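Labels for the chains are A, B, C and D, by order of writing; each one numbers its residues from 1.
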Amino acid sequence: MNFAAFNPVLGVVLIPIFAAALLAALPGYRLTARLNVLASLATFVCAVLLLILPRPTPGPYVLVDDLNIVFIVLNTFVGFTTSVFSASYIAHELETGRLTPAYLRFYHAMYQTMMFGMNLAFVSNNIGLMWVAVEVATLTTVLMVGIYRTEAALEAAWKYFILGSVGIAFALFGTILVYMAARPIIGEGQDAMIWTLLIERASQFDAALLNVAFVFLFLGYGTKVGLAPLHAWLPDAHAEGPTPISAVLSGLLLNVALYALLRFKMLMTANPGAMAPGTLMVTMGLTSLIFAAFMLYRRRDIKRLFAYSSIEHMGIIVFAFGMGGPLANFAGLLHMVMHSLTKSAIFFAVGHIVQIKGTQTLDEIRGITETHPALGWGFVAGVVAIAGLPPLGIFMSEFLVVSSTFARQPLLALLLVFGLLVAFGALTLRLTGVAFGEPRGPTRPAEASYLPMFAHLALVLVAGVYLPAPIVVWFQHVAHLLG
Amino acid sequence: MVVISDILVQGIQMLLVFLLAPLLTGFIRKVKARLMRRKGPSILQPYRDLLRLLRKEVVLADNASWLFRATPYLTFAAIWVAAALVPTFATGLLFNWTADLIVIVALLGTARFFLALAGMDVGTAFGGLGSSREVMIAALAEPAMLLIVFCVALVAGSTQLSTVANFIASSQVGLRVSLGMAMIALVIVALAENARIPVDNPSTHLELTMVHEAMILEYSGRHLALIEFGAFLKLLLYISLIACLFFPWEIAVFGAGPLSYVIGAAMYLLKVTIAGFLLAVFETATAKMRVFRVPQFLGAALMLGLLGTLLLFVSKSL
Amino acid sequence: MLTAVAAQLVCVAALLGIAVLAVALSRAKAATALVYGATLIVCALALIGALRALLAGTGADEIVLPIGLPWLGAHFRLDALAAFFLAVVNLGGAIASLYALGYGRHEHAPQRVLPFFPAFLAGMNLVVLADDAFSYLLCWEFMSLASWALVMTHHREPGNARAGYVYLLMASFGTLALLLAFGLLAGPAGDYGFAAIRAMPHAPGEATMVLILMLLGAGSKAGLVPLHVWLPLAHPAAPSHVSALMSGVMTKVAVYGFIRVVFDLLGPPNWTASVLVLSLGGVTAVMGILYALLEKDLKRLLAYSTIENIGIIFVCLGLALAFQANNQTLAASLALTAALFHVFNHSLFKSLLFFGAGAVLVSTGARDMDKLGGLIHRMPVTSVVFLIGCVAIAALPPFNGFVSEWLMFQAVLLSPSLPQWGLKIMVPAIGALLALAAALAAACFVKAYGVSFLSRPRSEAAANAQEVDHFSLAAMVILASLCLFAGIFPGLVIDALSPVTQQILDSRLGAQSHLPWLSIIPIAERRGSYNGLLVLVFIAISASLGYLAIRRFSSHAVRRGPAWGCGFSDAVPQAQYSPDSFAQPLRRVFGTLLFAAREHVEMPPPGSVKPARFSVEIHDLVWETLYGRIAGAVDTASKRLDRWQLLTIRGYLSLVFATLVTLLLVLAIWS
Amino acid sequence: MHSLDFDISHSLAGGLVLISFMMLYQDRLYSLLNVFALHAVTLSLAVTWQAFIQDAPHLYVTAAIALVFKAIIIPVALHRIIRQLGIHRDIETAVGIGPTMLAGMGLVALSMVLMLRVTAEADALAREDLAFALSVVLLGLLVMVTRRNAVSQVVGFMSLENGLVLAATGAKGMPLVVEISVAFSILIAFIVIGIFLFRIRERFDSVDVAALDESRGERR
């Protein structure tokens, strides 16, 4: 096969779906786990190739541009590390009998299907296809959340499912409205759903129709992003599913929905008559941030805690994109990447901690740094990073968001700072409890590799101090694209 | 040559305060006794007391530390140096520029610091009681003192005592209400700092009412002599200070010749005598107040100092 | 050849390298000696570099590294101001390392200290060097974070977790305030470089806002009342050499931040700004020392006293602002010199005192003064150096603390020349507050020294205390000698500071070191002068004269006997004055109002054999009124909002529905 | 011809809104299901008409799905579930019928105001269609929100989805309509199966709140 003719886009999309089929068929834990890792690695390699090789020209279904390549690379990378983590995590679950081999097969197949859905959503140039892909990803995660079949897990999955379905419906209605707006300009048929064409002609669309469309899209995809008050499914889904899924949910699925939002936001900004989407995003972002910040105080479950922290960070990111401008967009993009890496690292740590302690209740986990120094300090580093302390990456983005906002809209910045501080207080309070103090509960050593966690943390640390110039240029370009 | 005469004058001053201090206390005691229609001891009695104490052996508590033994020397030295820095009969002494009014106050503070520590050293309830009350009084007296300094410095544009004395003596000043207030405040501070009635009673030995005496209760012999001497010096110092700041009449200007030195010295003696007499009259006529009334007493000084400063601003701006 | 700033950065890199090494070595036995030895050497080198930069006065030296904020790079700059603070930081760091060579051996969890100690030092160095807003904040938070990890060293001890939590929260609050300040300074375009900020004009309203934010940001790190609450919790919780660094040095880094932004970046201030700084400083000084006075934990007492000293420094800075606003630059440089001098002094004696407290902790295991006493007999060297520290911090001549306070009072006395009535009236009042603070400080340290080192031992441990190791003693002796040195040769220090005032205010005090007899005359001879050396010599001569005379003329007899106890001899040590009882008179005077202190006496009726009981209740009003309420409000808010988390699915759907309808309504009405 | 096209599709879409209102009015589960079947039939008619006038044969598939799946299979299945699970046959309302109707009218007015103004430039057909579709969507959501029974909520969701299909078919030339309607049918099937499997007898919020919190470990 001629290497140059190889289209990495196909790899990104097809490897997961084939792997899913294969994994559904194959028995045996060791083999499937390794295969899962391998498939994820291959997907990641394809994504990197996509980054390096010249971009394919946008077709009716496939688009690769500066914006989505960020998401794709990030997605496949975290997908890969999570699969590594998942391999050691799931082994333990098998031992303790929480999962049976049959369910494990299902789990691996669903994992790859989900990766397929997400990757498809990123590369699709058709807003209808994107919608379908997002829904596929959502439905697979619903199934994974309920995989333990405990009452709480089923309840969480059910809630996720119902709220997700309503979100799906909204997003679809919005998509239809966009089509309706585009049809008189672009003409009937598929062309009116192709993103590259839409954005070219967006300035001529009926602004009022776009407004309504955006409200629906915003609520629809916003439900998946986890914006308050549409977030209700998120904490439960994070808390009750297997931890790798929590990591993927926080680190990736939220990004998928966010990506969709950003695409439509670009459409809105391209139309001079349409309302500024920024106001809406800023409002919802702030609401999510402040609401989640307060919620953090009353959490007793460690995974639920970090689920709320994801809501909080999604709030910040949406706020940043809502503010717009090169600085804030750059910051939002950076924040999103950093959040994905950090939050999944935290969930890796949390997964191990929960397996060691056998409980998710915060009060029963104490003094981790003493009993498990590497894990404990890794966890501390993760929480410190997610709380926005330097020298880790999130600090840089928060710095940019806050300082650029303060110069433009002091009041908003004050609200933002208020939310950040409240959230910080809660996170560090819990951190102090979990990482320090008299150790409590079982203290046996964890039989797990901390490699994925430390890999993420190392990336976050490096990014906090030094961002390579090509990445900066690339992000700046994307920030510019986002307006 | 000049230096030698400078040192000579400075030495005379040091010797003068050294000799005069017990005499002043003797004088005050005598006057008080006479006011109470007692005969009273001789005016030279303080000298005899000191000599007697020097000859006595020292009784040290078992656990007294070196600090306890060093403190008398230190406090005595600090107070003596401070007293030597206050112009008595002449200004512009050789070492006047070594220290200004703030330094003098601080030197007295050093002395008190070590005395209070010594009071804590043996670990009896009395020592602690004395020390803690002493530092309370000092804590309240010092802000008042600073405001007085401020007030005076505002008039004279300096904290250097020689400069202040020369300036006020030069009669450019005239009578100022604010200076009067500052003086009253300084008198109050002086009463408190020297453990005089109504703040403290230097002659009491009823434990619960003691402040200063409780602090030095463990001292005996030559140590006590030094501390007593220090107290005499301090009293003289404050009187000299009041005289120098508010009544610098006929104080000799540096290098003015022996005659003006003599006149200055005579005037100084007169001033000290009058002050001692007034103090004795005041102490006879007043009763000691409760310890926790002292803050109000010193608060008055603080208020006076502040008021004086404000009035000065007003009068200056007119 | 390395430039000066590059050399400093190399030192920082070395410190970070040591930190990484310490992680690797943490289990090794020799790790403690290796790590502290290495930090000692690196800090000493950095100190030499900083002193050379300060004294040579070669002007600013800059470097840009391709890290940090991508389009800006990390700017570092070494000018006179930075050099001075670097000297303070590295002097403190070097001596703390020396101390820790001995003290660190007693640490039972060295792996929790060794990696963070050099990192902490590196952070402080970097803050001072940073020359753009991003690097500055990054290093600032890094410093906080490293020190937080150190505070959490003894995480199992009760209260330490809370201390760390409050510390981290307040640090973050401060950083966010700084972030906002820099956001304002940088403007909407985001020019985060200090050079750009310096060049930009700043509107008066903006300047005031920045000043307030700096007071919040730097003030919370420095410990200005009412942002001080974390300080007395966190500083004592860390190992003592770290406490010394936090109190003696890190608070100074905060002062540096304030000076850098307000004096250097912001340009000429408005005089009203100085009112705020002055009043906050005055309140901080008095409140800090009153807290200290009521404290009976030795290390917390020292931490509270740090708050007092920060207050003093901020008063000096406020004075400098006031003078600068009126173009009285000579007076401004006097006030700034006083501030910087006090920064230097406080770093010396507060480190010394914390080292002493650490020594006491090592040999008795107690920080509570109710369990100490009589250490002067058991720890001869420590007791002498601790005494020197106490005298110095109580601002008594001839030690260094007095010199800076004297300079400050000289500056206060210049205030009548200010044209504004508000300042004219206010400054003397603030001066009186400072005098009160100084007197209270003396009282406080009489208590600290008197109760811990003098009197009779109050516990078995105190009675059997041992002198500490030679490293610790060497560190303390060096600091004590420096205290004396700076006290008797203040002219040298003032001259070393003049490049800083020259840089910031474009004005300097006259050169002092060539004056006869090493006096200092800040403004003019007729205004005021001071000579620490001569005061010391006089006292020495007088004391020796007295001693010689007495040796010659009086009885030498000494008899040892029991102390006079009114007939009750052999009273138990608990009958001595305790820290609480020592503070009682002052508590009565100030506490009723400021601490809502109440004394409860339970006196049994006559004839009853029940013991009488006495108890004191003291309220930390700042904590209760401000922080307690905030915590309560957050709690209530989270409780209220949490109800939205306990809905049924239908409830959640209703929320979604309501949001949708609201947005559509807005759209319908708005468009 | 154009006006006839318009009138018919207009009246069918209007009929759909009317039937949505009827659903709001029902207080018996069985009658609700019947009304829903009517809703689905009307939808199927509307889609068929659109297929006819747009000359889009693939829309007939959508119409067929609507007819077979939603008008027949689902109602029957739900009937059986009600019987088998012994679900209470009254509809429990969270908000009374009267206020619900008022709110429904408000919602319809809102969607009219929005859509008619919004799509001033679009052709009348699409405009009307969208306005009705939005009304149906909002009314469906209203049903979900104001009714407590799980079954009535599913019905609400399905009527919401009918609105979507209406909108999609009304959008001339819109691709993927069939796929979408299939996808939604699967979704609904999942929900129905879920109800059956998880024995959600009465309502989505059948689980007692306190018990739910305990299972989350969030109660204090």
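Rule of thumb we're sticking to: contacts are C-beta pairs under 8 Å (C-beta built on N, C-alpha and C of every residue); 3 or more make two chains touch, one makes a residue touch a chain.
Note that the coordinates shown come from a computational prediction; the quantities given were computed from them, not determined experimentally.
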Touch graph components, with chain C removed from consideration
A, D | B
Centre of all protein Cα atoms: which chain's centre is nearest to it?
C
Which chain pair shares more contacting C-beta pairs: A-D, or B-C?
B-C
Separation of mean Cα positions, chain D and chain A [Å, integer]
31
Centre-of-Cα separation between chain C and chain B, whole angstrom
35
Whole-Å distance, C-alpha centre of chain A to that of chain B, is 77
Give, as an integer number of Å, the spacing between the C-alpha centres of chain D and chain C.
68
Which positions in chain D are in touch with at least two other chains?
114, 117, 141, 144, 204, 207, 212, 218
Going through chain C residue by residue, note those that touch at least 2 other chains and give them in order.
645, 647, 649, 653, 660, 664, 667, 671
Taking each residue of chain A in turn, which ones touch at least two of the other chains?
158, 162, 166, 208, 211-212, 298
Mind listing each pair of touching chains for me?
A-C, A-D, B-C, C-D
Which part of chain D faces chain A closely enough to touch in the complex?
114-115, 117-122, 126, 130, 133-134, 137, 141, 144, 157, 160-161, 163-164, 167-168, 171-176, 179-180, 183, 187, 190-191, 194, 198, 200, 204, 207, 212, 215-218, 220
Residue numbers of chain C touching chain D in their complex, please.
645-651, 653-654, 657, 660-661, 664-665, 667-668, 671
Quick check on the complex: what are the chain A residues that touch chain D?
128-129, 132, 135, 139, 151-152, 154-155, 158, 161-162, 165-166, 168-169, 172-173, 176-177, 179-180, 183-184, 187-190, 192-193, 206, 208-209, 211-212, 236, 239, 298-301, 304, 360-361
Chain C-facing residues of chain D, complex
94, 107, 110-111, 113-114, 117, 138, 141-142, 144-145, 148, 153, 203-205, 207, 209, 212-213, 218
Residue set of chain C touching chain A in the complex reads 66-71, 111, 133-134, 137-139, 141-142, 144-145, 152, 155-156, 161-162, 164-165, 168-169, 172-173, 176, 179-180, 182-184, 186-188, 190, 192, 634-635, 637-639, 641-642, 644-645, 647, 649, 652-653, 655-656, 658-660, 663-664, 667, 670-671
